[in-house]
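Here it is: the structure, laid out below.
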C-alpha cells in the first residue's frame, strides 16, 4: 500500500515533535513536509529543532529541509496537514490552508468552538466529522479544518462519554493537576515549578467548562447542540513531566452505583476500536483496582499513551460518584489525538475528493 | 516572668522536631523534657534525632537526655506536654498522661473525634476548650487532652470559619494537593513522588469530611453538636516539601458575591489576634490578588507559617464560589497549631489548677 | 529450544524486580522460582511485591508462589540463580547455594573482592569467568558464585576498558552524580533529596576506588593481579530517578589526543558483541557529539539501558582528558549486568556440568 | 547617620531583585534609583518586576519608577551603582557609567578579567581594590568599575584562600553541581531539568579555571600577577533551586594533614570580619562534621547565605585532600558578594572623592 503523504505545521515545537515522532513509522501516513516559521525555514530539521520529547529524532526526518508554513510553499506536497501551530498563527493560517485544499488536523485552540468545525475525539463523537461538509459548503473550501480538544478536556470527555450515554450527566466538578509539558517548550521555568503548585493555567478552566459540552452534544446534520449539563473546573500545574491527573465528582440524572460506573467504563469501546485504527488503544478507558492509582509516573503510558486511566471510583457525599482520571497530555491529549482523528476520517473516506494521489486503505476500513 | 515548663512526647519525629524548634525561644514556655521511645531514651537528643526541619537543632535542647515517653519517667518534670506521638501510641499513652495530671496538647488523630475532647483551632472554636472540664469530670482526670485537627482540615476550617459565620455553609467540595512533609519522616520515598502525583492518602478524606463539622459545631456547654453541612474530599500527594494547597468549591445558604467573600476573609480576626498570643499571625487569613497565587513555594511562610492564604476567589458554575487555599502543614497544620492551643488555654487560665509552679502570664492575658 | 530454568533470590526488592522484568521474555532463560524472606514466602508474587520499576508485573510471574530463599526450599527447581539479596544475607546464603550446586549470579557486594570470585563485565574481563574453576576446586562446591560490580564501577570500568587497552591508565579522578534508584526501594526519602544534593553514599567511594582495578587486572590462570593505576572518587546522590552521571578526568601512560580517545571508545566491541548475546548492546560505549550530553533523562535508555554513554571528551588542564559518562544503574549497572554475565557463561558452557536438564544453546554460541 | 544613595542597574532580573532585597534595610546604603531596559523604564517597579527571589518586594521600592539604564537618566541620583546587567549590556554601559563618575559594583562577567579592574572578594584579596586608582588614571574616569567573580569561582576561591596562604596550592580539580538559579530567570526550563543532570554550562569551566588565579594573584601596586597553580573544572547543572555544591581535590606544595586543613579553614578570618562589615558572615568558611554534609537544601543559608560551607575533608588517593564545598550562588555568589565589595570600599574611603553627599561612616571603619 502506498502511504498518504502528510505535512506537519509548527514542526519544531513540542507538539510538532510529537507529531513527527508518532508519524515516523505510521502504516498509513508518511511525512513529506515539515513547516515552521521563517526562523527555521530553509534549514535541515535536525539543525533547527531542539528535540525534547524523548528518544532520537526519527532518521527519516532528520534531513528534511524545513519549509515556511505557508500554503504557497507547501502547494502540491501533500493533501493532509497536522497543525501544531501556536493559537494566533493557527487562527490566521489554518483557513488559508483549508482554502488551498488541505485537510488540516489541528491541535490549536483557535477554531475548536467554531460552529462548523468538528471538535473531535473518535471514541466520543465520530459523527461530528460530518461537520466538515457543512464547513466546506459554507466557506467554499476544498479542504477543511478538524480540531482536537484541549488536553485536559480530551481526558475528561473520554471518560465522561460512556457515563453520559449510560446514566446522563448532570454536574461535573473537576480539579486538574497538569504536567509541565502541557505548556510546551521551553514552557514553565524550573524555578517556578520546583517544590511548587501553580493554581492557575491561562484559559484552561474556560476550555474545560465548554469543550466537553460541544463534544457530547448532538449533531443534527446541520450543527451541534451542546450537551445539557454543567461543569466547574479548577486547573493546577504540578511538578510532573507528562500526564494530567484529574479529580472528578459527578452527579448523574440516573444514580448509578460504583459497580455500574466501573462496568460502563470498562466495557466501553468506540469506533476506533471497532475499526481497529492504527493509533487506537485496545481499551479506551482502563480502570485500575489499586487504591492509590492512577499515577502519572506509573500509568501514563498505558495503551501506548492513548488510553485514559481511571481509579478510585467511589461514592461522593455531595454528588453521586468521585473518581480520579489520568491521561497522557502530549500523546492522547495532543498529537496522538489529532492523528487518531485523521485515521478515522481517512477510514471514512473524507480525503477521497482531496487529491488524486490518495491510495485506497486496506483492512477494517474497506 | 518565669516560663511554664513543658515536655515534648515523640520529640525525635518530624512533628516533634517542629515542636522543639518552635519552643526554642518561646516567651511563655520552656522545654525541660524530651520523651521518645525506648530506642532513644537515655541518649542525648542530638545523638538520636535526625534533624529534618531546617536550620540547626536549638542549642538549649541539644544535650537534653531523652526520656521514655511514660508518665512515671516524666513525673514532676512539668505540667504541660506537647504530643507528637504516632496515632497508636497516642491512643494508649495520652490518657495515662492526662490521668497523671498532665495537660496534653496532642497533634495525634487518636482522640480528635472523642466526644469530650476539644478539637481546637483558637481562631475557630476557642469556646470548645471548655470541653476539658466535661472531660475531667467524666473521666476523673486531673489533667486533660486537647487535640488539633489534621493539617488539611486545619487550613480548610480556618478559611471556612468566617464564611460559615457570615453566609452559612451548605456544601463544600475540596481537592487537596498535599506536601510530602505531611507524611512525616522518612515518609514518602523519593522514587514514589518524583515526577508524580499520588491520588490517595490513607484516612485523609475521612478526616477532611468530618473534622471541620466538629470544629464548626455548636458547644452546648455539655457537648458539641456538629455543624449541619456536607463536605466531599479528594486527597492527593504532590512533589512539594511543605504547604498543602486546596482547591475548594463552596455552596452557601445565603449566596454572597465574590467581593463579600473576600471582605469576610480579609476582615476576619479571631481570639488569638485579640489576645495577641505569641504564635498568632497578625491576620489569620491572607487574601492574595495575583491570578496565580497562592503557591506553596512562594507563600507558605506568610504569617511565619501560621496564616492561611487564599487566592483566586471567583464564581463557581455549580456552587457559589471557587477558591484556592494554602497552609503550612507542619507549622499551622501541626506543631504550630498545637502550640497556639496551649497559648490560648494558658491565657484563659486552664493550667492554673494543674501545678503550683505555674507563673502568672503577663500582657493581654491579664 | 528449551529454555534454562532460573530462579531469583530477593525477588521482591527493586533489583529483584528488574531481574523479573528482564527475564520475562528472555530467549534463553525462564523464571521458575521467585525467592524472598520469610515475610513473603508462601504468598503470590503479585500480592507481596510493591512494583516500582515501571510497567506492569509480567503476566507469567504474577501468580508464582514466593519461596523461602533457602537451598532446601529451592532444591531441584533450577540450576541457575540471580541474586538480588541484601549484602548481609548474600554473605550468608550465596555460599550455601553454591555448595548446593547452584550457579549464583549475584548483584550483591559481599563476594565481589573475594580472590576466587569473578567480578565480571563481559565486555571487560570475560576471561575472569574461569576463576569459578579455581573457586570450585578450592571450596569443593559443585556450583559457584559470579558477581557483577557496583553500578558506578560498572559504568566507569566499561568506559575505561578500551582506554586502558589503548593508552594505559595512570590516574583517574571520578565524581559521580547518582540516581535515587541506586539506593533501592524505599531508599532515599523524598524530603532528603528534593531540591538537594547529598555528597555522600556509604561505601561507594571505596568500591569505585577498588573494583575497577580488579576487573582491569590480569588473570594469571590462578588469580587476578590488580591493575596498576590509581583512582580517586567523590560520590554524590542527586534528584534523578535512574542513571548515574560521572565526571571523569584521566591521566594516561601514553598521551592520546581527544580524537584518539573518541575513536577508541567508538570502535570498541567486546565478546558480548561478537557472540551477539541477547542482552548485549550493539555498541557498548556510545559517544555523543552534542555539547550538553549525555543527560540521564534523555540518554539513560540508549542500547536498551545496556550502553554506557560518553560525551564532552576534551583536554584536561591537569590530566590528559576530561569526559562525562552515563549509565543506567539498575539495567547495565545491576540486573542487566548480572544477566549478561549469565548469558556469557551459558554461551561458554559453564553450566553444562551443573544439571542434566540444560539445553544446548543455539546461535553464535555454538 | 545619613545613608549613601545607591542605584541598581538591571533591577528587574533575578540578580537585580537580590540587590533590591539585600539593600532594603541596609544600614549604610539606600536605594534611590532602579534602572532597567526601555521595556520597563517609566513604569512602577512592582508593575514590571516578576518577583522570583522569595518573600515580597520590599515596601520602599514598590513604587519607585524604573529609569532607563543610561548615565544621563541617572545623573545626579547617586554616586554608587550595583550592576546586574546582562554581560553584553554591561560591556557597553558600565564604562559609560564609570566615565560619568559612578562607582560601579558589577556582577557581570564583562570586565572581570580586565587588567585594571579588581575582581574582588573582600576576604580574599581586599588589597586588589587599589586597582581602581590605576584604572581611573589610565582611563581618565572619575568613577570606576569593581567586579565580583562568577558564583562558582566565588565559593571555590573563598575556600582556597586560607589553604593557599598556609600550604601553597599546586593543583585543583573541581566538579560543580550548580543550582538552577545560577542561570537567572526564566533560565532553565522545567522540562530540561526535572529528573536530570545537564553536564554543561556555557563559559563556566573557563571562568572557574581562570578567575581564582587572578584573585589569588599578587598585586604589585601596578597590576596583578596571577597565582601559579592550575585548575581543571567540570560544570554541571542539577535540579536544585539555590546553592552550588562543588567536589574538590587539591594538591599542595606543602602536604598538610586533614586536621591542618580543617584548622586552617575554621580559623580563617578576613578583613570583612575584622571590620565587621554589615554583610560579612561571622565565619567566612564553616566546616561541618557530619559525614553527609554540606547539602544545599540544609546548609545554603548558613551565615545568612554569605558563608562558604565545607565538609568531608579527607585524603585524596591522587592529590592531597578531597572535600565538598557549598555556597549560596545568588547571595554570596552574586548580589551579596557585590554588596560586600561596596561595603569594604566604602569603609576604606574609596567613595570620598566621588560625591559631596557622602556621609561619614561610623563604627569599625572609623
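Think of it as A, B, C and D in the order they're written, each chain with its own count starting at 1.
The criterion applied here is as follows: a contact is a pair of C-beta atoms (placed from the backbone, for glycine too) under 8 Å apart; a residue touches a chain by one contact, two chains touch by 3 or more.
This one's a predicted model, so the numbers in the text were calculated from it and none came from an experiment.
Common partners of chain B and chain C, by the touch rule above, are A, D. Averaging Cα atoms per chain gives one point for each, and the point farthest from that of chain B is the centre of C.
In this structure, the chain pairs A-B and B-D differ in their number of contacting C-beta pairs, and the larger number is found at A-B. The distance from the centre of chain A to the centre of chain B, with each centre set as the mean of the Cα atoms, comes to 44 Å.
The mean-CA centres of chain A and chain D are about 49 angstrom from one another, to the nearest whole unit. A separation of 42 Å divides the Cα centre of chain B from that of chain D. Residues of chain B in contact with two or more other chains: 194-195, 239, 241, 298. For chain C in complex with chain B, the residues that touch the partner chain are 52, 180-181, 185-195, 239, 241.
Chain contact summary for the complex, chain D toward chain B: residues 54, 194-195, 298, 301. Of all residues in chain B, those touching chain A in their complex are 171, 173, 175, 177, 194-200, 209, 230-232, 234, 236, 238-241, 245, 247, 249, 291-298, 311-312, 316-319, 322, 324.
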